[in-house]
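Shared between the two complexes below is chain A, which pairs with chain B and chain C, respectively.
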Partner chain A sequence: MLLIECPHCGPRAETEYAGCSEAHIARPESGGLDMTDAEWVEWVFWRKNTKGVYLERWNHAAGCRRWINCMRDTVTNEILATYKAGEKPPKIADAEREYKF
Partner chain B sequence: MDNFMRQGPLNDLGLVGRTSEDNAQVTMGDGGRPMVVNLRLDPANKAAMKAVATLVGVDLPQKANYFVEGKETEVHWLAPDEWMIVSQNMEGNELVSKLDEALDGVHHSAVNVSDNFAVITVEGEKARALLQKAIPLDLHPREFHTGMSTQTHAAKTNVILQQVSDAPFYKLYVRRSFSQYLWAWLESGSIGFGLAISS
Partner chain C sequence: MKNRYSIFSLIRNAFSYHQEWPPAWRSPEPKKSYDAVIVGGGGHGLATAYYLAKNHGMTNIAVLEKGWLGGGNTARNTTIIRSNYLWDESAKLYEHSVKLWEGLSQELNYNVMFSQRGVLNLAHNQHDLRELSRRINANRLNGVDSEFLNPEEVKKFCPAIDLRGGGRYPVLGASLQRRGGTARHDAVAWGYARAADELGVDVIQNCPVLGFESHADGSITINSGKGPIKAGKVGLVVAGHSSVIADMAGFRLPTESRPLQALVSEPMKPCIDTVVMSNAVHAYISQSDKGELVIGAGADAYISYGQKGSGHQTEHTLAAICEMFPQFRRVKMMRQWGGIVDTNPDASPIISKTPVANMFINCGWGTGGFKGTPGSGWTFADLIASGEPDDMNAPFKLDRFKTGYLVDEHGAAAVAH
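For the complex of A and B:
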């Protein structure tokens, strides 16, 4: 079992978390009223499929129930960092790590 | 009718009068039905935090995974802007209206969630060994000790785990509809330790 650091609660078992797709996708300021259908679809559904270090939103579902961000390597499942929602990803070595498809 | 309405979720288990095993190393019990109020508030609002402290008799804890004791209350940290206020004497709706009054105009939420919970107590020399079967947290006193309280899961259900004393004595706050499941899980987990039922 992985131990994942919650920025609020400390190290917790992965079974306390729910992982939920790409982070740092800002809601459109306009609420979408000025967007085309294609732009709206892109915002709602389209996500990167990075083979390498990926920034994700996770929810500490069985703990503080807060949304956090997680920097995870999708190939090795290594978690390089976790940080609070609303914060920028930490600048660390390997943050740009990517593999060839 | 009134007596029926006031039954706790663990009443069906017929714990009262159950015989305890000889040389029991774990004691479990029904922790009753305390008042529980859930409070959400921005901790940066010092004046509001102070107003709440006056009402509950103690400063709201800002240290993660800890609880503090007031005169009639216990306040558990649940998240950076969320607390659980527990009391054996106070009345939930009354406290909520007092909180709403004191926090008038402040963005907050105070909800009486007393009926949400059952409380299971677990104590004795094998209490930690038993809980460690169900809970993924490290419960060694180096990591989790008296004065701490946190949300986690026990077996498949969410709980708020509180260590009340070094005995060790733990309280598990569990959703009432999951309380019989958790009791049954812990009881079968206690086979080999010997189980006593506290009255």
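For the complex of A and C:
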């Protein structure tokens, strides 16, 4: 089980969180009406599936109920950083690691 | 077939104490070029190579496998086979697969131990019952055998089950696909590898793919761990690493890779002679021929390539199993593992051309790839050979994530994803 440090509540078990998905996907500013199909599907379906350091968001559902962001290595599951929603990911030297297939 | 397996070959080899069985397939060095190269030597990749050779006469082909045959998800699943999917497109694909399963041991001359012991999908509440009835009717319209069992019939079919479900999850009914069942997972990879090898396919293990180069004449050079290999056509069938290899080839997928866990118990005397699945509490269980209970969990919430998942997933699954089968509370679990499943937003596979000319991809089978192995190989071979989609694989094109024409099997496919 992952131990995820909520920036509001401190380290909490993964079971307190829900809704893991890619972070920093902003709803297109033009909103619904002016969006093309291509923009819609990009926003709805297309996600990164990084093998390496990945930015994701979790909802601390059984805690403060706020969305938080998390920087995690998807091979080792090591959590490099967590930060509040709306913040930019912290710069971490180790965060460039890449895994070859 | 040179080394046909039979009762006679078994007796003949008994005289030499089974020391002189020939290898089931060759271990060739890769040639400079092939008409087609399949990347990924799991069940799906080997099946694709086999049907390319058998149905389309393409014998100058190779399968490249990074590790060893069937060492990935083929060896990590719970071996359940069924075709009771809701939507027409899925029913067609999975039912074709079940039909191939039914003759597979004979066709490959390799015992894949396909056992049609029936697959039960339980309903625990009124909503489940309605969904179940809808799916049974849809199945029957598509010619897939599916029938409704009331609680008494469930108990009769599977006496081990506790209909009360611990009080919280009573069994109100079930769908039963009698033609569903289980098979021996390793044997599927090995059987296809042996049969493909017999037809001239080069099965090359320990050969990772490092990159691709497209040429003006449409051919593709694969930079592999064993040097460059030129291919007329390339089929990518790498399951959990699909996004990684698509990235190498220069296109994107909507696929996400997650751990899916399974576990087996200590071996016991026969107690469950069918497969029991429950959508609402999310657990599925069968008993292997060795006597182990084979239990599967739900996919983990997060993306991971680590082939292990979180402990609470298995805890949740075992809790559900204990509610349905209270007598298993004291059974010890012997092994537990995870595989990386490639899940798509609509829980259906992608069997498609790609933005790269002469490159094809078969991925996104998610939590249900094993049952699809023969059908997947069959239809992917059709796609690679003709270069154009046909009725069976056209609904699973990559561009459905642009057109919105999804095959949405989420929760509708008889099990939650």
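Here is the rule we go by: the second predicted complex is superposed on the first by the 97 of 101 C-alpha atoms of A that agree within 3 Å, B and C clash if a C-alpha of one lies under 4 Å from a C-alpha of the other, contacts with A are read in each partner's own complex, and residues count from 1 in each chain.
Heads up, the rule we're going with is that a residue touches a chain if its C-beta (ideal position, glycine included) is under 8 Å from a C-beta of that chain, and two chains touch if they have at least 3 such contacts.
Quick caveat, the model's predicted, so the values are computed rather than measured.
Superposition of the two structures on chain A shows chain C fitting alongside chain B with no clash. Between chain B and chain C, C touches the greater number of residues of chain A. By the document's definition of touching, of the two partners only chain B reaches A:Gly10; chain C does not. By the touch criterion defined above, A:Ala62 reaches chain B but does not reach chain C. When both complexes are overlaid on chain A, the residue A:Ile92 reaches neither chain B nor chain C. Residue contacts after overlaying the shared chain place A:Met1 against chain B and chain C alike. Think of it this way: put the two complexes on top of each other by chain A, and the tightest Cα contact between chain B and chain C is 10 Å. Touched by chain B in one complex and by chain C in the other are residues 1, 13, 15 of chain A. Of all residues in chain C, those touching chain A in their complex are 66, 208-210, 241, 243-245, 248, 252-257, 301-306, 308, 310-312, 345, 401-404. Residues 1-2, 13-15, 17-20, 37-38, 41, 44-51, 54, 56, 72, 74-77, 99-101 of chain A are the ones touching chain C in the complex.
Residues of chain A touching chain B in their complex: 1, 8-10, 12-13, 15-16, 62-66. Looking at the complex, you find that chain B touches chain A at residues 64-65, 78-80, 82, 136-137, 150-153, 158.
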